[in-house]
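Chain IDs A, B, C, D, E and F follow the sequence of writing; residue 1 opens each chain.
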């Protein structure tokens, strides 16, 4: 923590300041000036943002030694160039990731991931439908995937954008589902629980989050909805290959929940909800995301006024004052 | 019940049949033919639909005696006219509403309204914020209003369109709210409970439902959102007139939930949700309405196929098959 | 053809006519009247439409013997009931599908499917990229799938809604692609050809077309875009299982074309086009579909005026007069 | 005026300049640096814009003495910080608002408000319908409200955004209504005049305008449409409490004009116009607002070209050249 | 008038009635039955609607003698066929149009067209800008065009759909413009008056209205906005050919009003309003059209209720009750 | 070329640099400071962008001597002012446009315009319909217009925004049309070829491109769609004046293609496509534009990542990696 306090965050750097600390370097490019001198253009990042940086009098050796991306210790100075703040780098050295206070670079949920995952397992463990239980079990026993599931962020910007965010979001949705399913006895609870557990599973492949949050190429080309769908098909293929019977309509009904969970074409769902279970997962997802988004916007507001800044995704400012 | 079985429902009448039973007459008009003979045009209705009807050789006395609207015993015959089924009425006599099997004309929730209202009172009774509690209490002690609240339908067509539907919808939303509020500790639960209780209160004035469901003039001109808002203001005025302190921000925050509970301008909300509580009431309302709508569409489907007819409001057909 | 001429098409039946011919029966239901008599409700169809039908004095044996759906010889009479034409069936007997003039029930492309499929194979045979060629080859050698590919309709209503329509549409798009690719040298032609070949492959599973065109349950829950995507993944899995190297970015780039080929979220694409190849397939698909739709609307117009009836999907009437 | 000329407007301050003048301070916050020193963050405003400001080496006494918001005399210097202009404040002292040239901080309509208000009273004085006349009279005799009505701005940004703007807008709409009502004899002129007079009355509560234009909390949570509606209800309640008969349909029809005057859900009306009078008020409001907005954009354009800058709210640039 | 009363209007014909009167025949087609007999399919119309008709045992001579379209005396009988009312024609004879009560076939404005046109001339005669005055004069002296201008309908369905409707609409808009222009002194009144006069002039070519209202082929392909634009260009060409100077910016500014007068792309304007004058003409057009549309819907409502039927173009029902 | 290399492009100028070179001056304005000194505000532009500039101690003589707009040699210095880069000009002198390397100020297509125009003539020379051929010939022999056609840009920002861009776009669309027309034999090829040739002809009048790309006043008021339409009418008028017969339906059908070629109201087409030919031109136009836009975005991307920056007009980033 003492070390963390010493880190100068990107959003704290003003013009004309000394820069001397560890940052993530991204997209370094080796270029030559019109006079033929080599220089390196790159981004320096931490969890608060990123800055353009230039290292003049660079060499190919320096360039090759740079991680792409990775942690580096940077020495240099900030300045304004064409109206934008940039860092002129004098020295750059690769850093052992093991020695880095990773929380400076990636936010992490404050909740206990081990405990949350245990509760997730308990909640989906209540599924009684044998085929759905088998599909869910196939996921739970895929250890590398479950590790990713516990680490992945829930999103890029709007909600649960932290390490563990996907788990936190899924965990909370499952708790909500468990608590309201008794009030909707016509709804097939096992389908809802399995649907909630798997609805965003593709985000483990859509998002990269080792040093900074970003989309993977595959994530941008395919999207997490289709990736989640594919994961289910593959697990079902594996089960069937081992002789387990999984009915086609079970797979289709479960897959439909995943495909429809954004609720409208406009938000990237290729199918509109056509079952009570698909509607329920859509509403629980949206509710939980909005609760996190609203709470985060209110918490992150820096001013002391009763209202947050304009929230573009919500088309409003948010009222922060609580009734006393 | 034996009597109810004897009623021939509007949607069971074919062309060329004898009509002899009790129906609701609506919008009777006295007109004269080109030859100067008087006749009465009217609608005959029950809970399954309505038909045009004509009584030829009518008199002004008959017309004046007709309830507008009301229950009448009709004798006549059905026929096709210009491609539409209509009833030619020979005799029409006003009927004592007390002798009518009202369930033939207005559907009623199968649930126990007394029990539901008791539970509603218990749930909103848990509100600890004294000003909100006072406002809610002001509503609960308005007996004529609470009677209407227990009788009013929840909507015209899409969901809870039955006597007691508003109570059923509010009751269920309150149960859902109570069960998930502990999972969102940042949300001000008292506001959500009060908001849910009052969100559709204006439907008691927007909808008429003595003999058939329809909008009141005032309901169509003003709408239930604005009417619910006004009811709160009036109750607050009454409290203040009695010396009870109600802070303006409490009224505004509660009113905002009502004004924003349709979630978007497109659906008639004059304000977008700007608090976590307003978002939560919006989602719980939409979730509960959709669960009812989907269930009803599936239950009312007459064919034996796996899919319902096209649901225009949902832009899809619904899948009826349950996983076995 | 003599036989075909004798068939009385559904859209030629007026009220009060004798019905005596072969139709497809769909969704038969055994019900009982209020007096307890059994009757069968069903639809009778051919390629021009469908009619409600009722068989009174039915027995469970008759009901069980009915194909659901299938071809039957029907004897009865048409009549108006509650403003709608229906058929009162006196006799119904299952018919050997082999003896039926199937063209009366399902329209078929007038083009030579064998020749078209041969040309499709030739055109995609020109793909030089070894991994794309391997994927395409995996499809071409899947005989049951290729049989479905040659039989499936191109759509339900708007374009190529005939047996062989999918092949006709794909064949024509490939010809267009081949002819314009030389004019866009920056576009990766192999990707476009593979993308065109596979873009609607999932329609073989989305649509049923043995006796009448309809959606399969799975088709409605999942959709042909996601089904086409899954087919590609499965073929790639099979290739990799046999040791063939298929790079992830090749699969993703090809899959992206399929996912984006409706061009906008509004039309059910879960991804917007993000490559030149995805844009090209989207335009070629839309162009070919519209050319078929416009031509069909003009050909099917019954009046002699210069304009077709209103085309709801195009939001206009179409001008039929050619410049002379 | 000499004094006004001496004021350095916010939009005239460049980097590195001395700042020495009276500004409105808004949202001051007392914070401590990482070293524990106190400083004050605040905004400095006048009618041309606002700037961030920081006072280092501040004390709690200074902070407490600051108006929040209010007029202060500031001494300091402008500088660029993280690419944004800010003011470093050395000295700040509260100023007696009575000694301030208020026009520097709030724009005011150039028209004669007394004269306009007199004409408004004359025009609505022509209303013959006794109940409407009574409602309007109830507003005209509410002196504090009429004072606000004469001072309030017509809007925040797009039109009539100046002290007296609401009066100017209402006055002009009334003049237009008076002049065209004879051309639409079927329209109930009294309703239109009352509707125009009251349509934006709620802006007196929605907008704050003592030192700078802003929304009140209540304004943002409730909105001026609903506030105008409520004002009418309250005046009617007061009239009825005094024994004056006001029919419900008169209140509803008038209220409907207010609720529908934005013309579409998209622009925040909870009801669509359903009477000729509601349509007319909507068009007159929009026409008058657009005339002001277009004229202002053309007048405020600084360049000498034939076109203004892009007008985002109108999705076009405006043509300034007049035909000669 | 006695004669007019004797006409049986299309919307008064029920099934099984004798048809014996004068109607407009449209789109007659000579066809042959499957047995080779000739028959004629056609529509019979008057101002209340149209019906399908069939003449069996027709001959080519009868077909050739039919006007296409034109007035005919028809003898026959109405019947239901495939659920639709149609007329079986026994005899058909062409009628001299001069002997027809044309008001039965085309509605006509009740106002005095001569008087209205005189007033139009007076109002645009007040234009002082010499070039605009010259353009307007060029139109006023085009006698065949002015005759069409006085006869053409204002629209097809929504407003002013009667002979003289275009004149009535333009006349009223000019009166409104004259009365409010003094209230907007910044607006260039001459441009507004010329723009109003010419805004819909292309409807004289877009709509056909000799026997029934319909679009011309050219009208559907080009549209009245573009046709009005072209008329102005042609008149300017003619003026210039005679040596009259018309500046390009005068033509462009006037043309812009025509191109932008539907107010948004969505309603077919290829340009959005970019001058105060274009905005004003758009609002005056929309206001006048809506006043006519609302008034007509209220007048044409047949029921005695307080509300009209649903108005699809307005997305509401209209309230008919006047405050008393 | 040596000279071109010496030009310092606008987007290469940083703060605090000497500026000494030839730029386009635009919108110069003579103003006076509060102290009464004269200065000139202006923009300096080249093909990479534009900068604000100020010349202090200016005189009316200097101002009058400036071209408005035109080429000038500028001496001065760049600096930051209110967060924006601007140029303080010491000396400015008008330059003979003949001595300027025009490519520095306006980008030019790399393709051979003479060759492209020859091929355009050959392709439209294949039109066999005599009236269409006559219309096209009338354009081809209008030498000043054809010169503009060869020089004009294809657009302002999104595609073909270079000198010769209109020709390049039209040429490529014609080649695509020629190659696919044989695959759509029902489509009237002559109409498509003439439609493609003329679809954007109005851009020669909509866009100005002597020193920098901009809209003409007339272009902004009228738009290129309507201008293209008018050009066709004028050519037809000229042909008819010389006694050549051109049928109205030929002009209308061709004009319809021009009016409908943006494909939807939303994109400024006043008519939706209503013929196969109009649909085809719309798709070919959109396809060719998107291919250019995507290729340009990928080529212009400066980073080395697999994705371009966000493309607002396409609502996505573009994937740049080619499959290897």
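As a working rule, contacts are C-beta pairs under 8 Å (C-beta built on N, C-alpha and C of every residue); 3 or more make two chains touch, one makes a residue touch a chain.
What you are looking at is a predicted structure, and each value in this text was computed from that prediction instead of being measured.
Any chain that touches subunit B and also touches subunit E is listed here: C, D.
Residue numbering shows that subunit C and subunit F use the same positions for more than half of their mutual interface. Taking each chain's centre as the mean of its CA atoms, B is the chain most distant from subunit F.
Interface repeat of B-D: among B-E, C-F or A-C, over half of the contact pairs recur, by residue number, only in A-C.
Separating the centre of subunit A from that of subunit F, both taken as means of CA atoms, is a distance of 42 Å. Between the Cα centres of subunit A and subunit E there is a gap of 59 Å.
Residues of subunit E in contact with at least two other chains: 80, 83, 217, 220-221, 249, 253, 256, 274, 317, 319, 321. Applying the touch definition to every pair of chains gives A-B, A-C, A-D, A-F, B-C, B-D, B-E, C-E, C-F, D-E, D-F, E-F.
Remark: subunit F residues 217-218, 220-223, 225-226, 229-230, 233-234, 237, 248-249, 252-253, 255-256, 259, 265-271, 274 touch subunit E in the complex.
On the subunit F side of its complex with subunit C, the touching residues are 129, 131-132, 172, 175-176, 179-180, 183-184, 186-188, 191, 247, 249-250, 253, 256, 272-276, 279-280, 283-284, 286-287, 290-291, 294-295, 298, 314-319, 321-323.
Put simply, subunit B touches subunit E in their complex at residues 27, 29, 80-83, 217, 220-221. Contact residues on subunit A toward subunit D in their complex (touch as defined above): 13-15, 80, 83-85, 303-307, 317, 319, 321.
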